[in-house]
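Following this line, the structures themselves.
Two complexes follow with chain A in common, the first pairing it with chain B and the second with chain C.
Take a look at the complex of A and B:
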């Protein structure tokens, strides 16, 4: 038994507060901001810079006018003081967000955006019920219908080609693998060009399901940026994966096509592709055909992003040790199973920062459509400035547009960091 | 729809692109809407309001043509075009006409195969300076820094002007008019040069317009007007004579206020022919007798359109100057309606 010694404590002492010279805001400041001469100088310089910026901007922001009919009225209200005229945002924010979309139909893009979040949830977060994937699958048709109106059947029928391709693959697979891939490609194409029209017509006859159509030239503002950006992002990732795999393929024909595509698209600036979409195609297409300009732009933006995406993913594929490929072969997996179960999950995880980087770049690049006369937020800022009321307003519009873009891009970047943490399996 | 587009592409891919439908009027009538190419936004000339309704001096020409051809001034689809896309949009048939402050030049008319249909605004390149510079003539600008939009004819005109007068200058290249305003106000350049109408519009937006002056020298000719493609003379005639009808209406004192009165018949045969109570000018164009009446009612006559969009009562405050009627010492002149 332990002997009792008078000089040995039997109970723990209560915790005590640290000495006052080791805690508190002052200590934190001393340790982090003024720990040495260099740090002190840097801190003071930073404070001066912050003060200088704030002292110049705060007046501008604090005096801002939010209710006025024109820049001249703003100036009257300010009466000589420096101040921002955010009244232009109050007056025109709907236009900056929706373009010329009919205002009684704003619920349609709003609903499309809301449903997009629902459709994205199962893709982005693991906790969401898997059954929602079915909704994600039909969402593109639904969004197209909500935004452009018309009958719901054409977009649904176009979308139906993908399950058809899958069924064709499954049917032919027992006979021959390469034939099955060909069948999976041929079935949707046949469907689109031969059957989709009549089937859509018949279905529309049974149940119309029409919304008031909205023409593409009424689309604008952030709605346009988001449509182009999200469609480009959603399409460029699968296309980029296919291109990256194709580039690594042993089939010389496939490989040449992929390399040629990637190098060609990466070799020209996006603005060139946009001019091609807006100008050159007009000469190739027969006169009178109206190949939707937004569709043209989305296709070009997708190609552009897919080429970059392919190279980002190729980087991920190259980073995998050779043993992973050999292990997949050793397990007897065929090519697609090996890619799906072993190679791509690891390669994509490695590529996440690069992929999100490309996404953010793509989203911001959508502002380039201003050069082909589409009224994205930048284009609308020009149009708003062209009215006699708001001519001369400059920074206020750009502050607003910049803020909106920052929210989107910052959100994407935060999500990518979350995803990296969630998928982190190493023990660094 | 997708299918027909694709098949159309296949079948017509080999066809020459120049085969744009010859009868533009029929296309417009079938569509029920005029596709009019305008600027993406230019103060006083074309801009959408908070409801997305376009208005402006160039827009008024589109509306008048739509009123004449379709009977509804609002039946216009405005296609915003940039300096780079405007000519392709017209040549490819994406728009039926272009009313986008486009300078009538030889090469655009002849080489690009367009037909300019008259002039709705006589512009010219001018200079704006701060009054405290104490300069009263552009010939005193030796050694000045000049804000100049790159890649435009104004850049070449500027070089010519300074060379001819044996002066030197330092260019500050800028991209857009909005950027130019900021640079000029920030003092990055002493002089801002662009078309005089643009200078006036820019000056009107300043907090202190009284401290800035536009110098009297105009160093270039910029006749701005609507244009259409080569190859459809009937359509060209419709747009040309719609513009002329607006101009003639001002000359004869036909306004949107008194047009109903005058359309009942007057003792001036020229007005009667214009408004369709006499002769059959409308039928010659392939339109009905009241085409010009509708065009004038769309936004008023030339003078009313000028006053409402860019005239002295507006913030832009342009004087008529060269754009006064020929009877008032200007250049605006319509051939007779006979």
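Take a look at the complex of A and C:
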């Protein structure tokens, strides 16, 4: 029988305010900044460091001059006070961004960049209509045409080899699988060597579509960094995947080649590879061959990044449980299907942070092209300093270049975090 | 009747090379082998042809001919009468020196920053986040150029140290001079030097050997002392105080050797237009050292942080439950375990430092690339031999470092059964 006890409360008491010594800004400060002698010292030292930096830099930033024609003019305006002379940026920002690209054609790299964002959108974000992939597929030819000028047909015709190979594969596939693969390889090669030239000529005759050609040695600044960086990124990922698969493969000879390639590239500095591209390639190629220096650099940077990429992806492959491989075999999938449907999606997902780190590294490494005479932003900063107007300008240029690189690289690392969150399938 | 599981006893047909999975891998490999050999032969043939067209041959005899250029920083004897091979050696030693000191300081900076980034102190953690993000996202080359500009543009000229009321003064009780021509630090000198020993390739100071021997001997004696203390502790539960024995064992022999050799410091002095005496650390070395240290330190900090975060929270809680303070928890419980996670990426950071020393070109530091692959190949026109030799040397350095670090990694790895 339930008995009523008068001293048992039947309703909840309202929550009391926490005691004043457990909440509030002061408590937070005490617990986080002054919890012990060491912490107090660290806090004070950090505050002193921050104060020292701010007090030295704030005047320099606040007094900055944005409109002047030369460093002497800047100093005149400042009249002895310390201050930055960002006028060099307002005066020369076009050069830092585009190098010596003709200024009446700036719309071309701008348009190429804009279209690149459109072409990247379906690759980067899932909400974008899938049909845009067709645009991404033809974008390389379009960008080449916009940047280097000339007729639009040569790059399009070169690109047309890939759908041709696909069509050849589809046509021959019902007859014989192996023959189809051979046809898919042979069709583009035949196309490039026999048909591409005449077809391009005919098409150019019908509709010229020419832009003023721009030589490679006029390219420079961030435009050059982005061209080399983005092309290298786009090419090094597939090459890196192939190398990683080759290194994990059971085919001893293929494995040896891949290991040798990866270890060689990872063992030497990028500079030596770039010098190889600029000095030694003439030795290794048939006499008389000469091709564009930017293309050479892109190839070397791609090889370099691909070797690192291969190691990152190998880590992802090794992290997959053995059962995944066995399950794919048990389903009767052949090697490529198993890789494409089961192994690689998981392995790549695990290795996203490493892959993006390699991308960021590659983008930063594009600055090394200054050593073989291409004008990257750092090379241009030297060129600007060599002029009489801006002789002696250092920090403003460095701040601008550093900020631009920071925005790109930081953006990439934030995107990788977003991608990791989006692809997370475990429920932890 | 044949068992159903028996393989069909068909005779071998040529098409099985393609369709039968037992043979297909061999087919693929043989095709790949031929393609590879074909490509290699093509490259070699092109090279031979090109060399013949240029009227060059392929030999390394230029390494023994007179170099004829000066190198401003040299760890071994070198004049412009020495050979190109010797110039290469000087450059190689400069590369190794830079790589070594940068690895040491980058590790220190990285470990401190990585631990500080996890600190509960809000300001310290934020500052370290800013440091790591800023240095990881901006190219190393820019940092090298920036540090070089700081040294050459913002530091006082030697003449600023002159006069009764100089504009600049020397640091650390007038022993270190930071000028726009480099940093002058005191140099070690000996009244009763033992002289040098000639190793054939270069001279090694016997004083240095004596000091290193004393240090190593002290290290081993100290290890024996600590080992004995541990045995006593295990037997009796009481650890004898050993700190003064350790200090004596570690520093006693070195101090004795230094006194015996008549050790003293030679201080830099302003004479004429420049400082003389002391050791001159060039701006290029300082800039590269600082940039490599701070840049790679940011990467190592991230590796250290990841390693610490990989240790489960339970370990910290267990250490706290045993009554350990946070500092001892970190040094005795977390870091030893985290080390196993940290070391493999640390190895690749060391390799990166070694390879990144080749950026020395940007500030005119005479490293391997600037000597062998810069002036030497410009003078002799042997770019093929020079490049191949340099790649080989870098490859050897990289493989040696990674082999050595892998041995260390194996020794700290968790022994699993």
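Here is the rule we go by: the second predicted complex is superposed on the first by the 357 of 428 C-alpha atoms of A that agree within 3 Å, B and C clash if a C-alpha of one lies under 4 Å from a C-alpha of the other, contacts with A are read in each partner's own complex, and residues count from 1 in each chain.
Going forward, contacts are C-beta pairs under 8 Å (C-beta built on N, C-alpha and C of every residue); 3 or more make two chains touch, one makes a residue touch a chain.
Since the model is a prediction, treat every value here as computed from it, not as a measurement.
Chemist: Just to be sure I read the superposition right, which of the two partners does A:92 touch: chain B = first, chain C = second, or both, or neither?
Modeler: first
Chemist: Tell me the contact category for A:302 with respect to chain B and chain C: first, second, both or neither.
Modeler: After superposition on chain A, A:302 lies in contact with neither partner.
Chemist: For A:401, decide between first (touching chain B), second (touching chain C), both and neither.
Modeler: second
Chemist: Is A:275 touching the first partner chain B, the second partner chain C, both, or neither of them?
Modeler: The answer is both, since A:275 touches chain B and chain C.
Chemist: Figure out whether A:358 sits in contact with chain B (first) or chain C (second), or with both, or with neither.
Modeler: Neither partner.
Chemist: Examine A:368 and indicate which partner it touches, taking first as chain B and second as chain C; both and neither are also allowed.
Modeler: Only chain C is touched by A:368; chain B is not.
Chemist: In the overlay, answer first, second, both or neither for which of chain B and chain C A:196 touches.
Modeler: first
Chemist: Under the contact rule defined above, give the chain A residues that sit at the interface with chain B and also at the interface with chain C.
Modeler: Dual-contact residues (chain A): 275, 279, 282-287, 370-371, 394.
Chemist: If you look only at chain C, which of its residues touch chain A in the complex?
Modeler: Listed in rising order, the residues are 18-19, 25, 28-29, 32-33, 36, 43, 46-47, 49-51, 53, 116, 119-124, 127, 133-134, 136-142, 145-146, 149, 153, 327, 351, 355-356, 358-359, 361-362, 369, 373, 383-384, 387, 390-391, 394-395, 398-399.
Chemist: If you look only at chain A, which of its residues touch chain C in the complex?
Modeler: Of all residues in chain A, those touching chain C are 32-33, 35, 38-39, 42-43, 46-47, 49-50, 178, 250-254, 257, 263-264, 266-272, 275-276, 279-280, 282-287, 360, 364-365, 367-368, 370-371, 378, 381, 394-395, 398, 401-402, 405-406, 409-410, 413.
Chemist: In their shared complex, at which residues does chain A touch chain B?
Modeler: Going by the criterion above, the answer is residues 71-72, 75, 91-92, 94-95, 99-100, 103, 154, 158, 192-193, 196-197, 215, 217-218, 275, 278-279, 282-289, 291, 370-375, 379, 382-388, 391-392, 394.
Chemist: With touch defined as at the start, can you tell me which chain B residues reach chain A in the complex?
Modeler: 1-3, 5-9, 11-13, 15, 17, 19-21, 27, 39-44, 46-52, 77, 79-82, 84-85, 88-89, 92-94, 176, 178, 181-182, 201-202, 204-207, 314-316
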